[in-house]
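In the two assemblies presented below, chain A is common to both, partnered first by chain B and then by chain C.
For the complex of A and B:
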């Protein structure tokens, strides 16, 4: 009986259990500190809606065998460019949001293709190379943002050329998904539109994985030699996986931005990849296998902890910037922990 | 040059079991002073195990040790580690070079036996701080090399040396050990050119004249006949014979080495002359590491079972891998009257060829995936089978996949908990059947099968071979069977090609004389039929 229980626990993943216990302990201390629980849960749902698509972008990359998608900043920048274009064209509301996605997808395909070609040349060290390519591209685009000829006064610097560091989406597509069909349940605000959107994205991904191409992609990740012997062009599949990840990164940052209310340019995308990677790892994925359930569970746990850690830290440590410091320690600590447990549940 | 010196090594009644599988049965080996003693045998005959026992390798002791006794220079000895063997004066020249490429010849020869000088610091802080005496080390190296009459610069780096020279550096390292009494050469000529090999053989003779005994392991029979005083033949772990050179011939050795009893599966003879050629291979070269194919011409007839045999590393494995496009190859291949593109696995599969890889777990299977997905995956990719249209998506048809998998499980008797069990949990034999089912889903006209019975138990072996015969007889599938086990080839094939050094040495009937098979395997051009 005990043994049975132990294997059950092991197959669920000990790291996941530890994270869940951590989240529960934070919730309990929040209750003791009389921090309103419905508000916490509302925030968690909002953040789930904002972050899940970014986490989902890890999935194709892992399945096709290029490991965690640390090139996520590339996709993010494509998404930001789409967002900026949609503002430049003076679009508003859901139209602006979907137009932004529409603009960013061709860019993401191009960038993803190039990045895929690069990854095929560095097989075995995709994660390291990806991290630095992401960093380099972010820095390169910092030049881009100052030189791009966007004219809309909402975005441009008051003096000189270029776009501001943060662009407000107020009156554009801020909260368009969160407010869509939103309702309140026992004081918990449910951002229905955002949740439906992420549901649709996950559904599409699930269907894709059940197609012939989706299967071929997974074969490449599981055993490239098998894939080759089955007549699959492994390198091409890896490029395809990278492109899909890049597109999801672009869509992901736009869903993130609609919930956040701002487009953050310049250096902001730098570390987004780590957050998404940590989330999927906590969800139970390994560097070689992942499921859609891992994406959702992982994002919920990771964002749930961040949401509750901040007010708890604020109440416990009122001194100066101690709250901010402890928030950084918690979030980076979880990333570190997730990467250290990257074995996932075998 | 019969030598009747005292005995250096006596291995008496040596037996060894690996997990209940007897790999050596009562071997008696004696080596006299200054004698060159040859050991011949096919792959898996027990040569390596015997040497592992002699060197006290941990693989022997961690699997329950061995039976029998060893005497060295007349005294019973226990050799429980390679260090014991070294202390006794037994040296080994390895098949794969154990040299450090970035070091000089001298450094490699003196590695771990460096000559050192005391310094001021070493007297206080211990021997770790002694300095190297380069001069005398160089002299030692030069002396060892000159015993081999090799004119190699003792300060040259290993990395730049020709392969033949590396072999001699390896020998020099053993010779430099002061007390060396017995030297084991494990297939030393395998990587050498003909002239280098000749030189090595004459070196062996000179070494023997200085009183060093030599155990010479090889599968090249003519080399054995050239230098050895006595020869021991191993087959399936049994000592078939020990003969002195004067009382045997190459033909006899070849026969002794191969000599399997043939179990026929009861397959009738077919008249191949009337059949049309389904696969025509010309000038095939394949760059498969360790199994390079140099130049192969073959004609496979429709509906036959064609066997490809030969020793490990000679290139027999490379042929199927090359034609299937898994390793870089060139040459011309014609299938069913039309040219077949090389280096294009997809096109080859589409044209109706399929392949059961020798690397079942590495290439043949998706270990974490279910039995059913393993069976259907290539057919989905190549022939777009098992799909159904749902809206804009064309999705996997679970019901159809399940039905086909059930059918295969029943037909091939795959023992599993169900179609959704991951294949990594199945036994080797059942994994092989999953591979066969996978190939059948592709409905091939010609099936390449490489080492189908490697690592599976005897009962399953028989069933796998029976299945191949049935596919051939009832479905008319042409089969090219590559195997290291000659007995297996002879039991089901219509013709057998023997590959040596990347070339076809000859094509024989399955019931041809043992000696002929042995000679072709040993790659002796001179006596080629």
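For the complex of A and C:
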């Protein structure tokens, strides 16, 4: 009986249990500190809407066998460029949001294609190479943000040249999805639009994975030799997976930005890949397998912790930076745990 | 001709950075003595840290991004010593002693983790660096003052919990090692020249099989150093104001000798075998897991000393930031020197440190002259640091893939 329970726990994953217990204990302490629970839940939903698409970008990459998508900053930068273009064209509201996505997708396809070509040459070291290519691209784009000829005064520095480090989306597409069809339930604000949007994205992904191409892609990740033998062009599939991941990264940062209210440029995208990777791993994915349910559960748990940690820490007063510290420890800890699992040689 | 071409392709990265450095130096408009002052200081500061990367490469663990852990151990020791107000060389020795057990423990843990994450060592050390940074912040930002008792108005925040974001070592460890002995640069050059000459004379009379070309080259270099040094001393030029921290360089030299010596011991040879082919090593009866842990422990301990050397030279540090970049910059420096994931030598480490810091000095200035904006120069050097790591990791992996394909074709 006990043994049976132990194997069950092990298959569920010890870190996942720790994280769920951590979240529960945070919730309980929040209750004791009389922090309004509905507000916490509202925030968690908003964060879920903001982050799920970024987490989703890990999925194609894992399934096609290129492991965690640490090249996420590449996609994010495409998305940011789309956002900046939409502001430059003076668009507003949902139009601005979808136009930004529209501008960013061709860029993401281009960048994703190039990145996919690179990943095909570095099979086995995708994560390390991806991390540094991402970092390098972020610092290269820092040149871009300074020198690209965007004219809109909303985005420019008062003195000097270049775009600001954070561009406000107030009056542009700040909260457009969150406010869409939003309603309140027992004091919990439900950002319906954002949740519907992420639902649609996940649905598309789910449908795609059931198509011929989608199945072929998963075959490449599970058993590249078998895939090759059955006539699938593995390298092409890997490029396709990378492109989809990059596009999702671009859309992801725009949904993130609409909830956050700002576009964060320059060095901000650098570490976002690790947060998204941590989220999907918390949800139950490994370096080789992942499901859409992992994306949603993981994002909910991870963001849930971050939302609750901040007010709890602030009430205990002296622990001001607990939220940031627990983010660093939890996110990198879970990635380390996944790396230390048997099998899945990089 | 083919020799020249091979030299160029094998050292393409270093040559590129020599060109960048020289051009940058010209554009930046820095005077030579001023530049020399800066670069000598930076060499003293960072060489030790870069050298601490060599042993894991030897053991086949690749580039050890987890020297960040060693840096943290060193920094923790510095904080303690600064708290106790022990200045100078004594403080530095104490810091090294204090950091030692911590670095050993961290090294063992890292080694064991890497044995579980075989084939994914580099990404694991990279993430481990981020992870331990969280633990470091937890300890020094939240636990110090609340759980760990510490009363110090200078170091601790006014709330009584957590350390201040920057710590000044002036009057404490600052330059403790550097100021042991400072000699004007030209004198240093002349003395180096004499030593070089002496060493090669001895070598020449002992063994007759020394290559003539090499001997002549060394001889010319030695005579040039002596002549130039004496001339500068005689003319009392600006170069005499560049004062070399000899003590620090002696420690770096000591580490170079140690590494050279170590690679010839039984343990060093075992390490090399494990690095080349683990299966052969296992067949030969070498416990590769143990060897890998030893390599990590050595690297972590050296990095802890490296960080202490680094910070005593810098004289001030950001409590929550100084260690973070240590790993990345050291690795970029090593790679710029021409090292790869699979091979790194002392010469590459030193050359890389020189070239990397040359770029560090000149790029903001060059950025200001060329684009009217120093920040662009800073973006440039960040781009180069990240880019060079990404590029050389990619090239290494590509080469490995091509080799595997070649072998597969041959076996068919």
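Just so we're on the same page, the second predicted complex is superposed on the first by the 305 of 346 C-alpha atoms of A that agree within 3 Å, B and C clash if a C-alpha of one lies under 4 Å from a C-alpha of the other, contacts with A are read in each partner's own complex, and residues count from 1 in each chain.
Following the convention adopted for this analysis, contacts are C-beta pairs under 8 Å (C-beta built on N, C-alpha and C of every residue); 3 or more make two chains touch, one makes a residue touch a chain.
Since the structure is predicted, the reported quantities are computational estimates derived from the model, not experimental observations.
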Checklist entry - Is A:231 touching the first partner chain B, the second partner chain C, both, or neither of them? => result first
Next on the checklist: Contacts for A:333 in the overlay, against chain B (first) and chain C (second): which applies, first, second, both or neither?
Outcome noted: second
Next on the checklist: If we overlay the two complexes on their shared chain A, which of chain B and chain C does A:212 touch? Say first, second, both or neither.
Outcome noted: first
Checklist entry - Is chain A touched at more residues by chain B or by chain C? => result C
Next on the checklist: Quick check on the superposed pair: does A:222 touch chain B, chain C, both, or neither? Answer first, second, both or neither.
Outcome noted: first
Next on the checklist: One more residue to check, A:289. First (chain B), second (chain C), both or neither?
Outcome noted: first
Checklist entry - Regarding the shared-chain residue A:3, is it in contact with chain B (first), chain C (second), both, or neither? => result neither
Checklist entry - Is A:140 in contact with chain B, with chain C, with both, or with neither (first, second, both, neither)? => result second
Checklist outcome for this item: Touching chain B in the complex, chain A uses residues 207-208, 210-212, 215-216, 219, 222-223, 225-226, 228-233, 289
Next on the checklist: Quick check on the complex: what are the chain C residues that touch chain A?
Outcome noted: 113, 116-120, 122-124, 126-128, 130-131, 133-135, 137-138, 141-142, 146, 159, 161, 373, 375-376, 379-380, 382-383, 386-387, 389-390, 393-394, 396-398, 400-401
Next on the checklist: If we count contacts the way the header does, which residues on chain A are in touch with chain C in the complex?
Outcome noted: 118, 121-125, 127-129, 131-133, 135-136, 138-140, 142-143, 146, 160-161, 274, 318-319, 321-322, 324-326, 328-329, 332-333, 335-336, 339-342, 344-346
Item to check | chain B - residues contacting chain A, complex | outcome: 324, 326, 345-350, 355, 357, 359, 362-369, 373, 377-378, 380-382, 384, 387, 393-396
